[in-house]
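Listed next: structures, encoded as structure tokens.
Note that subunit A is present in both complexes that follow, paired respectively with subunit B and with subunit C.
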Partner chain A sequence: MKLELHRLKVNSLKFGEKTGFADGVLTVNKAEILALISEDPLLGKNLDVDIAMPGESVRVMPVKDVIEPRWKLSGKGQVFPGMISDVETVGEGQTLVLSGCAVLTAGKLVRFQEGIIDMSGPGADYTPYSKTCNVVLVLEPSDPNMDKHDYEKACRIAGLKTAAYLAKSCADVKADTVETFELPTMREAMTQFPELPKVGYIYMLQTQGLLHDTYLYGVDVKKILPTIISPLEVMDGAIVSGNCVSACDKNSTYSHLNNPVIADMLKRHGKDFNFVATIVTNENVTLADKKRSSSYAAKLAGMLGLDGVVITEEGFGNPDADLIMNCRKCEQLGIKTALLTDEYAGQDGASQSLADSCPEGTACVTAGNANEVITLPPMSKVIGYPEEANVIAGGWQGSLADDGSITVELQAITGATSELGYTKLGAYTL
Partner chain B sequence: MLKLITNNAGLHVSVSSSEYVDGSSLDVLIRVRGLVHSGSIILTHPLCGNLRPNQQPFRSVIVDAESRAVDLDSLSIIESAVNVYQSSKLVFPKDFDDKTRADYAYIDSELMRESLGRYGLIRDERLCNAPSLKVKEV
Partner chain C sequence: MAFRIVHYINQFYAGIGGEEKADYEPEIREAVVGPGMALKAAFKGEAEIVATVICGDSHFASNMDDDTAKILGMIREYKPDAFIAGPAFNAGRYGTACGAMCAAVAKEFGIPVISGMYPENPGVEMFRKYAWIIETPDSAAGMRKAVPAMAKLALKLLKGETLGKPSEEGYIERGIRKNMFYGKLAAQRCVDMFVSKLKGETFETEYPMPVFDRVDPQPAVKDMKHAVIALVTSGGICPKGNPDHIEASSASKFGEYDITGVNDLTSETHCTAHGGYDATYADQDADRVLPVDVLRDLEREGVIGKLHNKFYTTVGNGTSVANAKRFGAEIVNRLVNDGVTAVILTST
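Then we have the complex of A and B:
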């Protein structure tokens, strides 16, 4: 399986007559995007498209999802299969990527959900999406009493359509860089690098219900048994986020496309270990599902003869139980585990960080304490609805001060404690 | 007998077999613990997904309420959940204004909906459209 990522580096955004790319500048025809997203009768009349650039005194809230513009130039299928394109398997051929650019979907859905992105100031350090040139969709439902499932889907599709449209509009431009990934068949992978340990990745996806769901080729992941996926399919948008909460540790569609665990494991493949397989699994509500999925994911790892797995969680609370079950069951099969999660240790950092634990979980990486409090200074411009700070998860009544500053826990900042490790803050080996 | 234990009044009336707890999330968990002590098995995880005890005032848990030997897995799960709630500041439904309370009730119901359907406990097919769960536009 071979995939080429053809990257155009977007350094700047502007509105203009024709959507296209030249000299690092992505020009966006606002009317075309509005026409594209207005096709959906579920979305209202007062839709808007705005731009938020790194370093600007701009705050976007409440943000639902972040999507990187991609478009397949060749190969089977199209980006975001089962969502805005056919269900054909992706991951082969050539895919155009507008690097450094993102589409943000913003608008009120359920009031305490969703997050904040500051493009400058102290809050900007906590979100990777302050470094991207952002096309912001401000959305509303056509009927205020619309079923929230319908509206969530409409917002999700609007973001994906816009991302695909932007990249498609640049398909005639030669890429700045081309990154090639070629992965062997499972049969070849099993015999490669016999001197190195075989490792895998257990990729946990949030699947608890409305605003807490993830889709695989358009299938609601809460309804799957754990399965094996190629990292290259992930890069083409096989996994799409329908998850809005918590903002700090939901895996946006952008972070799935750019999953740093996959990227780093591919870099170390053949050097430190033999990266054999990625197993996607879910985080459901019922204990029977938790048992079934963790047993099945561990069984797959065992069948593949893996020596070790990296396990990433999404969200917290009862998903901590899924993380621990995955860890314990793999360890019991003799498969070493390394866990990647974040912490909810209280504002003083003194409380228990995870809701569950096990003696076998001896290697755990944290992306930070989501309850840490931060004050975000006022911004010159707010795209969206600043009053939501008082009800957003991580905020409280009084979070929004009269001067426009906001005091919240990091939980409210989109991507602040990404459990895929898609953050700028952390410890680095020099 | 399968039964929902909840302090979410809107959800309670939409479920065919339900026991309403007039209190906090912790009160719900303590009631579930009492049932586990007398032989019930927990079917859904007692901890909330993605909201801390000091954020979500509602809690709902499905149990298989029978008198049998104590299920040690259920006991371990409910004890650790009670510990999480006892070590955290709690919020009560009355702490929120109507709209915000309705939001939290709605999400609590939504996250139980799939499980309730699977266990055949939904009385109102249009559970999420129940008037008591409607969130009015601000």
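Then we have the complex of A and C:
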């Protein structure tokens, strides 16, 4: 399986007549995007498209998803299969990537669970998406009483369509850089690097209902048994986010496309270990589901003869139980684990950070304490609805001050404690 | 201007006497006494000891509450910027007194509190959460090492500088998690640690797995016919509109709501404040999380004595264990006072 990522580096955004790319500038035809997303009868009449650039005094909130524009230039299928394109296996051929650019879906809240992105100031240090040139969709439902699952889906699809549209519109431009990934079949992989340990990645996906769901080729992941996926399929958008509750540690579609654990494991493949398999699994709410999925994921790792796995969690609290089951069951099979999670240690940091634990979890990296409080100073411009700060997860009544500043826990900031490890934040014990 | 320090020592280090003088009553002197001389030297003029509290170890141990209150009163007028106690090395009663005074001063005045103890001093386990305790050798022979470290840490805290890890600064771990930006992405740190573990090399986990309080379930209720049953939930069910603004995550409070005469929760009357699960179905019918309707049926059928006329609710999502413990203790008190004999706890 071979995939080329053809990257165009976006340094600036502007609205203009024709959507396209030249000299680092992505020009965006606003009317075309509005026409594209207005096709959906579930979305209302007052839709808008805005721009948020790094360093600007701009706050976007509430944010649902972040998506990197990609478009397949060749190879089977198209990006975001099963969502906005046919259900064809992706991960081969050439895919155009608008690097440094993102589509944000924002606007009327689905429920009090979306996140905040500041493009400058102290909040900007915590979110990876203050460094991207952002095309912001400001959305609303056509009917205020619409079923929330329907509205969430409409927002999700609008973001994916826009991301694909932007990249497709630049398909005629020659890439600045081309990155090539070539991965062998499982049969070949198993015989490569016989002197190195065989390892895998257990990729946990949040699957707990509205604003907690993830999609694999369009399938609601809570309905799958753990399965094997190629990292190259992930890069083509086989995994799509439908979640953002406590936005700090929910994996945006952008972070799936750029999964830094996969990136690092591919980089060290053949040197420190033989990276042979990525196993996706879910985090369902019932105990039976948790037991089934963790047993099945560990079983796959065992059947593949893996010596070790990296396990990333998505979310906190309830999914801590899934993380610990995956860890314990792998270790019991003799498969060494390293865990990537985040912490809810209280605003003062004095409480225990996880809701479950096991002695086998000896190697644990955390992306920080999401309860830590931050004050975000007022911004000159807010895209969206700042008053939601008083009700979103991580905020409280009074989070939004009269001067426009917002005092919240880090959990309200999109991607702040990413459990795919997409930030440099961590914690230590005083 | 130099920072103002109040120093606490026992009768022995004040030169008053040993065990025979251990019932010495607390006093305060506007002077630098005993190990205070070494502290003073270590401060190099950046801080000054404005007063020294002296108290016998046995006296403090026997009159902990009274002596604590008395000493707080003595300290107040000196308006200290920081409080230093000891070092106590491995002296158990002295360490406990140092720790207790540090905790009391921190709570009362909100200033940095520093002590020094040998890790096995019982004062460490009791008070490390509340004080910065420099790790010292087990006897006064370690004074020369302990005092400069305590002074250095005190000055750092007074200047508001960021403290490093316990191993870097020499203090005993307090168990408080603090965020910092590392040089590498968390993903890279995790793969690094993974490789170390695979190779059998030593590595330091970023978060040692916690050990939990386990609560054994209570025995079953024998006499259901006379039981007064209350409903308590962490699922966030509250009157529609969430009148007390219970947070969607990281709750700082719980709610108490009357359900006298309420037979059924509906989408018109109740909803959930919880931000951590798909709330659609709880909002449609809150009985799904807080089963008032079923309990009323059981009440009518005589299966239970009665349903308590109040329910208690909070949001479990992202809520710290410390807050949860506090809510639990307070709710239990109210339930017991109201004569409730059994509780059904529902989550989400």
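Note that the second predicted complex is superposed on the first by the 420 of 430 C-alpha atoms of A that agree within 3 Å, B and C clash if a C-alpha of one lies under 4 Å from a C-alpha of the other, contacts with A are read in each partner's own complex, and residues count from 1 in each chain.
Here, contacts are C-beta pairs under 8 Å (C-beta built on N, C-alpha and C of every residue); 3 or more make two chains touch, one makes a residue touch a chain.
Since the structure is predicted, the reported quantities are computational estimates derived from the model, not experimental observations.
With both complexes brought onto subunit A, simultaneous placement of subunit B and subunit C is prevented by a clash.
By the touch criterion stated above, A:L210 is placed in contact with subunit B and with subunit C alike.
Once the two complexes are laid over each other on the shared chain, residue contacts for A:D264 go to subunit C alone; subunit B is not touched. In the superposition on chain A, no contact is made by A:R156 with either subunit B or subunit C.
In the overlay built on the shared chain, the residue A:K290 is in contact with subunit B alone; subunit C does not reach it.
In the superposition on chain A, A:R70 makes contact with neither subunit B nor subunit C. In the superposition on chain A, A:N318 makes contact with both subunit B and subunit C. Of the two partner chains placed around the shared chain by superposition, subunit B and subunit C are both touched by A:S351. With both structures placed on the common chain, the touch criterion links A:K329 to neither subunit B nor subunit C. Once the two complexes are overlaid on the shared chain, A:V391 sits against subunit B and subunit C alike. Measured by the number of subunit A residues touched, the leading partner among subunit B and subunit C is C.
Shared contact residues of subunit A, touching subunit B in one structure and subunit C in the other: 111-113, 147-149, 208-212, 245-246, 285, 316-318, 344, 346, 351-352, 371, 391, 393. Put simply, subunit C touches subunit A in their complex at residues 129, 163, 165-166, 173-191, 193-198, 203, 205-212, 245, 247-250, 252, 275-280, 316-323. Considering their complex, residues 42-52, 55, 62, 77, 80-81, 84, 87-88, 99-100, 103-104, 106-107, 110-115, 118, 128-129, 134-135, 137-138 of subunit B touch subunit A.
Taken together, the subunit A residues at the contact with subunit B in this complex read 108, 110-113, 144-145, 147-149, 206, 208-212, 222, 245-246, 283-288, 290, 315-321, 344, 346, 351-352, 355-356, 371, 391, 393.
Within the complex formed with subunit C, the subunit A residues making contact are 111-113, 125, 147-149, 197, 199, 208-212, 245-246, 259-261, 263-265, 268, 272-273, 285, 307-308, 310, 312, 316-318, 336-341, 343-354, 357-359, 361-372, 390-397, 409-411, 418-430.
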